[in-house]
Structure formats: C-alpha cells, structure tokens
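Structure first, commentary second.
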Amino acid sequence: MSLLEIKHLNKSYDSKTNVLKDINFEIESGDLVSVIGPSGAGKSTLLRCINRMVNFDDGKIIFDGKDTTHYKKRELRKLRTDIGMVFQHYNLVPRLTVIENVLHGRLGYKSTIQGLLSMFTEVEKENAFSLLDTLGIVEHAYKRCDQLSGGQQQRVGIARALIQNPKLILCDEPIASLDPNASKVIMTYLKQITRDMNITCIVNLHQVDVAREYSDRIIALNKGAVVFDGSHLQLTEERMNHVYGMETRELITV
Amino acid sequence: MQYDLATHMKRTRTGKISLKSGEKSEKVIQLTVLSFVVLTIAAFFFFDFTGFQFKKAIVETAHNLKVMFFMPKLSHFGFGEAIFQVTITLGLAVLSTILGALIAFFLALLAATNLSKEWISRTVRVIVAFIRAVPTVLWVLIFAISAGLGSEAAVVGMLFHSIAYLVKAYSEAFEEVSPGIIESLRATGSSWWHIVKHGIVPSTSTYIMSWTFLRFEINFGVAVAMGAAAGAGGIGFELFMASGFYFDLREVGFITYAILLVAILLEMLSTRLKNRYLPSEK
Amino acid sequence: MSEKKFRQKKWQTTLFFTVIIVVTFISSSITKFNFIHSMTTFPSAFTWIFSNLMITEESFKKLPTILTKLNETIFMAIAASTTAAALSLFLGVMGSKTTKVNNVFSVIARVIASFSRNIPIVAWALILLISFGQNSLTGFLALFIGSVGFLTRAFIESIDEADQSSVEALTATGATYFQIISKAVIPQSLPQIISWTLFMIETNIRSATLVGILTGTGIGYSFDLYYKSMDYNTVALITFTIVITVILIELMSNYIRKVII
C-alpha cells in the first residue's frame, strides 16, 4: 500500500486560472521525491494541499490509507502531526532558542494548556538534543535562532519536522535561499532521513541538477499539470525542454 | 553517545533540561514582567477604597452610562454655543501646536547631533526631559498664578509639552537626513543657515508636518483636560460644569459625543498623514 | 524642476503659510489669547517661579505625607498600565489582521479601542466620579480605560509587524490557535509590548496627577490642596518629587528598552 495517493486534484484561486489541473500520483514509503518545474507551476500549492494548509476544489487525497479530503479541526491536527514541513525561509521564531524552536514540533501532540506552559517531557527534550546532534548543530542548542547562518537555521527547521515523528516530510524549496555548500549539506541530510529513518520526503526544487542527484523519483509540473513522472534516468534532455520550454531551459543552465 | 549529549544540556535547579538561553535580554524581560505582576497586586492593597461599594458603583455606572450615551441632550446651553465651545478648545490646541512647532523647530536644530555641537545638543535634551517630567496641568496652574486663569496660562502651559514632544520628533527627523546632503552643501561653502534652508528643511518637511499634526491631535485632548482641570474654558470646562456642578448626565453624554466626534476626525486625518509620510513610528 | 513647477510650488508654500497665519489669528481671537501680553508674562512668570517656588525647610516637613500620596499615584499608574496591557493584548490579538479569529471580533476590538482612546481621560474621570466617588479606584479606572485604547492600537501595530512565517510553520505542525499565538506571535512582539507598557506607565504618572486633581486622590489632590491654599513652597516640593519620579522611571525604562530590543 502506498503512503500517499493523490487522485484528480484540482485547485484554482480564481475562476479563470487553474493552479493545479487533474493531478494524479502515488508515493511509496521511504522515497525522496522531487517536484520540479518553473516558478508559478503550482509546486508550492500542491505541497500545501497535502497537509491542507491550502484547501483544494475537488479530487481526493489518501494519506496512510485514510481519505483526508473532508478532515476538519481535530482530524486535521492529527493529520498535520504525521506530516512535517520544511520551508524556504526556515520559518523559525527568531527570538527563541534553537531548542525551543525544535520542540515546537511537539505542539501538535499537546493540549492547548500543555502547549502554553511549555510542558515538554524530559524524553522529548532529550530527543530534541539527539536530533540536533544528528544534524550537527547540538552546540548551538541555546543560541537564539536569528544568530545562526541560513544553513544552520534550515537544519533547525528539519529537526522541528523530525521531532513530530512524521511519516512524511514536505520541503518547500528548502535550499532556494542557501549557498551551494549549505545546499549540499541540507540535501544530504534529507537523503539520509529517507534512507535511515524510512521517512518519505517530497521536495520542491527548481534546481534540476540537484533533483537528479538526490531523488529516487522526479515529478515535473508545468502550468499546474504533471508533465513528467519517473526516475531521474528517464528525465532526458528532450523531456526537460518539455517541462521548462526551450528558451527558459537555456536560461536556467546559464 | 548519550554522555556526549549531556554536556550540551543546561539543567534547571530541579534537574530538568532547561530551554532558555539565559541571555541578559531574556532575564530582563522575565524580571520586568514579574515586577509588573508584583507591583500590580501590591497596588490593589495600597488603594484607598473610601466610600466605595462595589455592587452599587457598578449598577450606578451602568445606569449612568446608559443615560449618557443613549439619551444625550443639551440643557444649560444651546447647540450653537456647544459648537462655539468646541471651537474654543480647537483654538487652544491650534495655538499651542503652532507656537510650539515654531519654537521646537529652532530648538530641534540645536538638539540634532549632526547640526549642533555636542554640549549644546546635550543641554537642550536635558531641558526637554525636565519639561516633559512636569505634567501639563502643573505648568498651566503655575502660569495661571502670574497670568491669571484663562486661555493665556493654558496655551503657555500646553506649549511646554508640545515643544518637548516636537523637539524630540523633529531632531530625530533632522538626524536622519543623509550626511551626503549636508556635506555637499558644506563643500560649496554654504553657511549653516543655508544648509538648514536648502538641505534640512526640504528633506524633512513632510515629517515635520505629520508630527505636528499628530501633536495637534494630542493637544485637542489636552485642551479638553485643561478646560476641565485648569479653568481654560472651552468644551472641557462645560464638561466639568455638567458633571461636577449640575450633575446633568444627559448633557455630559452630549458633550462626550461632541468631543469623541472631533477626536475621531482628527485621528483619521493624522493616521492618513502618518501612513503616507512617516515610516513606522518609534 | 521646471520654471512653472517651481512657481507652483512656491505659490503652494505661500498659500500654506497664509492659511496657518489666518487660522492662528482666528484661534487667538476666539480664545481671547493675546500674543504680546502672554509673551510679556514670561519674564514675570519666571521671576515669580524662581522667587516663590522654593522648597523651604518648613515645606520639607510635609515630605512624608507627600510621599504617601505620591506612592498612591505611582501604584495607581502602574496598576492601570499593566492591567490595561493585559486586556489590550487580548484585544490586540483579536484586532490584528494577522491573528484575528474573525472579522466581527476584529471590528469590535477596534471600536472599543477607538472609543476609549478618543474620549479624553478627564471625561472618563468625571463620568466615573459621579458613581464611584472620591477614591483611588475612580482614578485607576479612568487611567485604565484611556490606556486600553492607546495600548490596543499600539499592540495591533506590533503584532501586525511580527513575522508571519513562523505562524505558518506552527500551523503545519498541528498546533492549536492559542499555542500559535503564545509560541510564535507573542515572543516576537513581547519586547515591543513591554516597551509600550513602560511608556504608558510614564504617561500615566503624569495623567494621574491631572486625574487626581479632578477625583481628589493621590499627588494631584495634594497639589490642588496646597495650590488653593497658596502654600507655594509645598507646591514646589510636590512638583519636584513628581519630576524626580518621572525622570527615574524614564531612565529605568530606557535601560530596559535598550537591553531587550
């Protein structure tokens, strides 16, 4: 059984343009799947439909064997605890410490009161520390997030997603604001997560070479529709032109 | 492995893993909030509750507010007179704002660090801080001793805080004028006055106007207060008479509405000016 | 700048200053304000201040009673500011366009704030005096209501300014509304909130004097009492204690602001 199944997904922000047009795919557990495509192709919207940060118009999303389409409040909260999310701009609370930001990932499991009073168990805190250790930033645990570099902040973001104990992590352009070295580190960690922890990752990328290098499978979107779905070996030059259009493709490689 | 990690953990007194950075700013925030709480609780013990009956007061206030706001009516003077009194209050605010702006402009030139010598700027700032520390009503009452109660003492008294407020606002605006403008004018051999006239004023005039209008809005409220507490006349004095002398709640209601209307109009105007010309406040 | 534009601008400036001058003269005529006379009062007023507003040994004996009253005023100002801050925080969260629950609450919060801010504190003091009588609570409530209006507006601005990206992140982890407010929004706005509350305390100590004159409480009452009995030495002492208090509080809050922001 696949972890995530998307069937005939449609979404439009206004009546004229469809952001997503009849999207269909299935994703297996433990894969790193890249979603590529030019900006405005609907990558970000697609990702946010999966954890329902954005509502879609029609279609079906089946996650872990359950149809989540009509989830409301409590079920939605439960769904979101199973899905971690990593953002382009890290989306950390700048004035709080690294360890506090990581523990925010546990809020979905807490009652409102427990959350307000920061009632985290010692086990949760120890887990947070060992995740930071795995990601190589444990020595910064008590620093304020705004004192860290971009790459370090993104690792805090990943730790926050991991501490949720998710089955799936959605990464929205995780390396778009990072330099090549930091990008490499982040992608390596994501690859390691899928392999060692058997957590599925869906990663939005606009760098095709990165997608080719790290992913088990590539899905390409253009103007809201899936134009390619397969392994990186199948993504030939000719198909690439189909994704980006001839001229933009040249622009990107230059 | 586990041992390694423990070296990175800070513990609280109870031995739990701490989440706080222990930075100074964080400690000061905690301490400030804590003292707010303690002082507030202490305050209610210090309060003098003479002649206060909770239930009676609440019921009466509710009734009074209902009478005031749902049945407003003038009885001791006519509608035309009410408008005239509002104009007087506005007049007091206009005078103290415009005179204040004029004086503040020159003082602000002396207070701006990029236009003045350091000791002059310091002196002006200390004087301004002192002026601000004395409540407006005390200034008005102190001047009333030599000038007599009335518009003159009120305007002069209100002038002090207007000046203090505007000197701060103007001098900060002056200090933000890019050093390049001043330097290039200085290089052409311009005198200090030339620099002010051609460099400083053109690049800060919108700020000056917005801040001045903001102060005008504040001064309207102050003028109402001075009418009530320091015999400056205007709608504030009528409010004082209606509530403290005639105990006419319906008239109090009418006057309150009149003040509210003017204040909201002024606020809308100044918010518009502020959003257009000022970046974020503070 | 073209010749025509330049002339137009010059003309506008002239018009602007003419309007200002006309408005000033109208204002001075309806308020019966005489420029020259009031300018001449300045020297005499200052001579009077320096010769009469002197703290004498005799007035100094009244210091303990004055300090008790001052104490009352300070506590009144602090309590009014902090309790108002607590309510304003709630109204601010409701009123801010980024954290509001729905439009109805948002409008209600903004209307309450506007109402309490735009009716001057003196009006509240006089209204409350009628049914609450002469005691600290009247002054406290008047200051409280005025502060709520001011602080709510300030807090709405601070909350609007906070970075919204962490709100999105916490929503994605499945956090509840109140968890998001307390973990993502408040920590970012807290320094601003504290700074505004400190500012409110400074302002309220000055306003408390005014309210005190009207409601017969605190240092304002003492001032009024000695002022009316023409005991100017004690008036000077009272003014002096207020100045010291306000400056001390200002220095303290400047320090706190510098450290936390």
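Lettered A, B and C in written order, each chain numbered from 1.
The working rule: a residue touches a chain if its C-beta (ideal position, glycine included) is under 8 Å from a C-beta of that chain, and two chains touch if they have at least 3 such contacts.
Remember, predicted model here, so these are calculated numbers, not experimental data.
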- Task: Treat each pair of touching chains as one step and give the shortest count from chain B to chain C.
- Result: 1
- Query: Which chain pair shares more contacting C-beta pairs: A-C, or A-B?
  - Reply: A-C
- Approximate Å spacing (C-alpha centroids) for the pair chain B, chain C: 6
- Would you kindly tell me how far, in whole Å, the mean C-alpha position of chain B lies from that of chain A? 49
- Message: Where in chain C do residues touch at least two different other chains?
- Response: 190-191
- Note on the structure: Listed in rising order, chain B residues that touch chain C in their complex are 24-25, 28-29, 32-33, 36-37, 39-40, 42-44, 46-52, 57, 60-61, 63-65, 68, 84, 87-88, 90-92, 94-95, 98, 129-130, 132-138, 141-143, 145-147, 150-152, 155-156, 221, 224-225, 228-229, 233-234, 236, 239-240, 243-244, 247, 249, 252, 255-256, 259-260, 263-264, 267, 280-281
- Message: Applying the document's contact rule, which stretches of chain A touch chain B when the two form their complex?
- Response: 97, 99-100, 103, 118, 120, 122, 125-126, 129-130, 133, 138-139, 141-144
- chain C partner, complex, touching residues on chain A are 51, 53, 76-81, 83-85, 87, 89-96, 104-110, 112, 115-116, 157, 160, 164
- chain C contacts chain B in the complex at 20, 23-24, 26-28, 30-34, 37-38, 41-42, 44-45, 48-49, 52-53, 71-72, 75-76, 78-79, 82-83, 85, 114-115, 117-123, 126-137, 140, 157, 161, 190-191, 194, 197-198, 206-207, 209-210, 213-214, 217, 220, 223, 227, 232, 235, 239, 242-243, 246-247, 250, 256, 259-260
- Please name which positions on chain C make contact with chain A in the complex. 163, 165-166, 168-176, 178-179, 182-184, 187-188, 190-191
